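Right after this note come the structures.
Heads up, the next two complexes both have chain A, just with different partners, chain B and then chain C.
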Partner chain A sequence: MFLTQKTGKMEKILTVKNIFVGNEEIKILRNINFEVRKKEIVSIVGESGCGKSMTLRAIIKLLPKNLKILNGEIFFENLKITEYNEMEKIRGKRIGMIFQEPSSYLNPLFTIGNQIEEGIKENIGKKEKKEKIVKILKEIGLSPDVYYSYPHQLSGGMQQRAMIAMALINNPDLLLADEPTTALDVTTASGIIKLLKDLVSIYNLSIIFVTHDISLAKYISDKIIVMYAGIIVEKGNSEQVYNNPLHPYTQKLINCLPEKYSKRERIKTIEGEVPSFKNLPYGCPFSTRCEYKKRICEEKIPGEIVIENRIVRCFKYGNIVES
Partner chain B sequence: MEILWKVENLTKEYEVKSEFKKIRINALKNVNLEIFKGEVFGLAGESGSGKTTFGKVLIRLIEPDDGKIIYKDIDITRMPEKILKKYRKNFQIIFQDPYKSLNPRIPCGLTVMEGITGSKKEKFEKSIELLNLVGLKKERFYDYPHQFSGGERQRIAIARALSTNPEFIVCDEPTSNLDVSIQGQILNLFIDLKEKFNLTYLFITHNLKILRFISDRIGIMYRGEIVEIGKTEEIFTNPKHPYTEKLIKSEI
Partner chain C sequence: MKSILKRLKNKNFFSYCSFWIIIFLYFLAIMADFISPYPYNKQFRDYPLCPPTRIHFFDHNKNFHLRPFVYEIKLVNPALNQYEIVKEKICPIYFFVKGEKRKILGIFNSERYLFGTKEGKIFLFGTDMHGRDIFSRILYGARISLSIGIIGVSISFFFGFLIGGISGYFGGKIDNILMRLVEIFMMFPAFYLMLSLRAVFPLNLSSFQIYLLIVIILSLIGWAGLARIIRGMVLSIKEEEYVLAARALGVSTFKIIFKHIIPNTFSYSITAITLSIPGYILGESTLSLLGLGIQEPYPSWGNMLSVCIGNLRVLSSAPWMLTPGFFIFLTIICFNFLGDGLRDVLDPKNW
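Now for the complex of A and B:
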């Protein structure tokens, strides 16, 4: 089990248990296990194509048509999402979501106020709805005039804030954020990140934050989950994972950051590429790029090993095989 | 140090139609700066601050409205295209999104070959040499852009830029679309090539960590103006302009 020192935050909001996603030919996610507690920010980190976004999509059951959850369970509080067929009662109401490019999720023909109003599930009058929207716009750092603005009149940062307002209008318990700052500038991005951190206490919110930037993940989150080719290779407390990574992939990922080097020193990059899901190595998926590769790595998939309060899947730390 | 580029009072205005009126926007406002030979000059600022416009005006992909661009003591500001052509091969540009800057219907080897002069055999050999230099195998000469990954496409864009033996390259956010591991590989490649060919870069980025890592001197742009210019470490440790300070503080 995953241990956290932060007591008082122990109430689980989301439990993902042994999730497998894929179809007859390919497996996209393999044995995904994690928990999100109340008021906690959990980051999922990894390169493109490692299954980060797919994990979020599995949680709200919006997988592409050709993929499905093959095995495992997802609990949202006590509700078994994997066997629940009325997801529309949960999506947008209890679980909100924001995306990388806000402009492509906003309708250019309607005002922001209109679009936020559309999402309100509560049965209240038009006037109350407007009051509610203006209140949330203020909380999110936008002027109430934005109510009457069209998406093209807003900057990227303001659009992302409008998306956050839309996601939070029904007071959800969980926010899924899929690279919400990747398309934004440094100053705007840091504004959004700080806002998300503040919202956690204002709205009693838990956040799953997907990013490829591990230093950003360390800044924003309580826990970091590192994914590679559809499996979780390491998860634990953010500071621990960032300052003392155990899995060779996490180590190399952190070693790629330019800020770890002096001027124009050669960056130690990860050789090779992420394997495609059609061509996964038989054993540990990272074995093709790993310098500690042993024979067992090519034959078996490593199981979860608990070290120093976190979970690592690597044969370097013991020969525990995935069952 | 030899001055490669000298820019004086460079100004560029755009007219933007907004609802019922026309607004003039200063994309560049009285920009003055020098770029020395062999250095990496970093340019930072938010989107819309005029970084990209500056890069494009400098090598005259966009015509300036006012001011002077001096390349090695030659004033190229109003130089007719016919004469400018002689210098064009000396400066190149690499864009953010390699998928948009490569022709999807031309095999990559041929894209690289376009800029090379000489007999057909020489051209072919030189382009293979360039592909090898940027880390691509000869077998991929006839592959189309969509068959490459994002990092590989950026490598092709770099090979294409090198095909004319330039001494100066504008790198316009060349790594911001890439994963961290690929970003590292491309940055390494830029550094290798700089040392090998004694190149000068104008490196445009909004990523301050990359800026600090790669550049010798930096300029900070805000609304079309250069608000601060100086040695990288000096600016990062002791920013003078309030905007620079805000920018550096906002970095996570």
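Now for the complex of A and C:
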């Protein structure tokens, strides 16, 4: 709604509808709803263990063995991923993925060129494949020599760039970035962020960017999704979410940013911990740490409330209960 | 391959040398028909327990001969096997000398051999009690002793990879059943299992049947431990993040197994292969030593040694009978060095 007005980009590329992920005992994701449009960067923000990475892995259907999608639908363009069984044709070709720790996501035994090459889905000769790889390496900001390098010979930033090259070799429409900068130092990380932003226009790419860092999310993305304990607590335009957070959790997250404090001040943290999935509170999952806690918070899970083109799930803004 | 050798040379010169020694030994074994001066079963009745022949360049008058020569030797005391050199009789050594007709590599007939003497005898490592040339027998014995290692290792690695790979990758019930089977094999002490398996079969088999039997027995013992290790490696590698990344990249399951999982076990398994070959050579030697392996007159390093056992006179008066033992030692130590070197070299993190 708001985004279409702002940027004029209409076409939906990914629609996640009421997704539940888990098994008989635990539910990792509950009622996840969002959509990604063409050339849009969507960030998913939250603490560790909120189910951010699981959301990505549910989209590409690479969940750990003991978890599965229990309910809901995921559409990639018009393809219903949740009922599609030939994911090999989609992975890498239409949806690329990059990971947190590039060094462990690259096979140590093979050269970068060799590993990028195995992702190429087109039926072309060896020479053309190599040309293609060298071209993409240049675009990504690596020297063509990297083709012959082994992963351990590269620095963390170069490895992450190589991973990006691997993910983009087939010109996918959607890139899933699972905390791609967490393991990198600040300068390298900003290089990668800038690269990702540039790639959006070069490759007509949409990105789902998972991060802990809400200020980074605001910088990179059009839309921010804040997750807590497997549910989306707030979702909306990134400027709005960052400058005027509605959900108490988002407010506290932003309050934790070091740049909000002067030198002598003590940085506030959110007290308590993310509840474990085996031991979720009965009502709103954030109720254990929330200062606005009311009685209803412990009894019911809040439903989606639309405020200023944003969606927030909190009883502070009205008593809408999740159906 | 070339770059591996180059790295081996720079990294571990010992194992680089071992590699070439092993190649040389295999070459000797293959070309045994051509290199050995006499057939393995040729008995020189006049020369039992003859000591190694010395090769000379200077005769007893201190005259230099460009062509190396041996003196003719004569048995002087048949009871004590004492020999004497006939100083007048000089027998020069020639290349490509004419000898008995033999088939080379089982394909073509030849009368000429790499080296030999026209008159007199040349026994580089002496002779055994029946007057057979030990050098020739070692070359022929190498065929059995060296090939048993390679064939046995390939059979047991085939089963090790297959069983270990299946149970590691699929896990669950299959894993449980296969691993219990492996444990049954590992439970028995290898040596007694080997003996009892051999005892099940009759003794009067042809030498080729015995050869096959030994290979099968040895690899039957060898595969279990390997399967267990491969399974463990596959179990851990399939959880590696680069396997997940490959799946996210849309690589097929088949390609993942053969490109990401199996090659990552190589750093261990190639080393294990080279390190387990000596076990097979020793196993064959042990069986032959106990008279259960390759039967006379066919030579293997093990059964050549077995003649010396229990014969103290041989050990004290004819120590050259122990040369096969030296070759077993050489092969095993070379394979061990090579395995050590390969382990360092094959790990890309060390490049």
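Following the convention adopted for this analysis, the second predicted complex is superposed on the first by the 318 of 323 C-alpha atoms of A that agree within 3 Å, B and C clash if a C-alpha of one lies under 4 Å from a C-alpha of the other, contacts with A are read in each partner's own complex, and residues count from 1 in each chain.
In this text, a residue touches a chain if its C-beta (ideal position, glycine included) is under 8 Å from a C-beta of that chain, and two chains touch if they have at least 3 such contacts.
Values in this document were obtained by computation on a predicted structure and should not be read as measured data.
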Which superposed partner A:48 touches (first chain B, second chain C, both, neither): first
Touched partner set for A:290, first chain B, second chain C, both or neither: neither
First (chain B), second (chain C), both or neither touched by A:190: first
Which superposed partner A:253 touches (first chain B, second chain C, both, neither): first
Touched partner set for A:266, first chain B, second chain C, both or neither: first
Which superposed partner A:106 touches (first chain B, second chain C, both, neither): second
Doubly contacted residues of chain A, that is, touched by chain B and again by chain C: none
Contacting residues of chain A [partner chain C, same complex]: 60, 62, 87-93, 96-97, 99, 101, 104-110, 118-119, 121, 150, 152, 163, 166-167, 176
Residues on chain A engaged by chain B in the complex (per definition of touch): 47-48, 156, 185-191, 193, 212-216, 219, 252-253, 256-259, 261, 263-264, 266-270, 273
Contact set on chain C toward chain A in their complex: 240-242, 244-252, 255, 259-260, 263-264, 266, 348-349, 351
Residues on chain B engaged by chain A in the complex (per definition of touch): 40, 46-47, 149, 179-185, 187-188, 191, 206-210, 212-214, 232, 246-247, 250-252
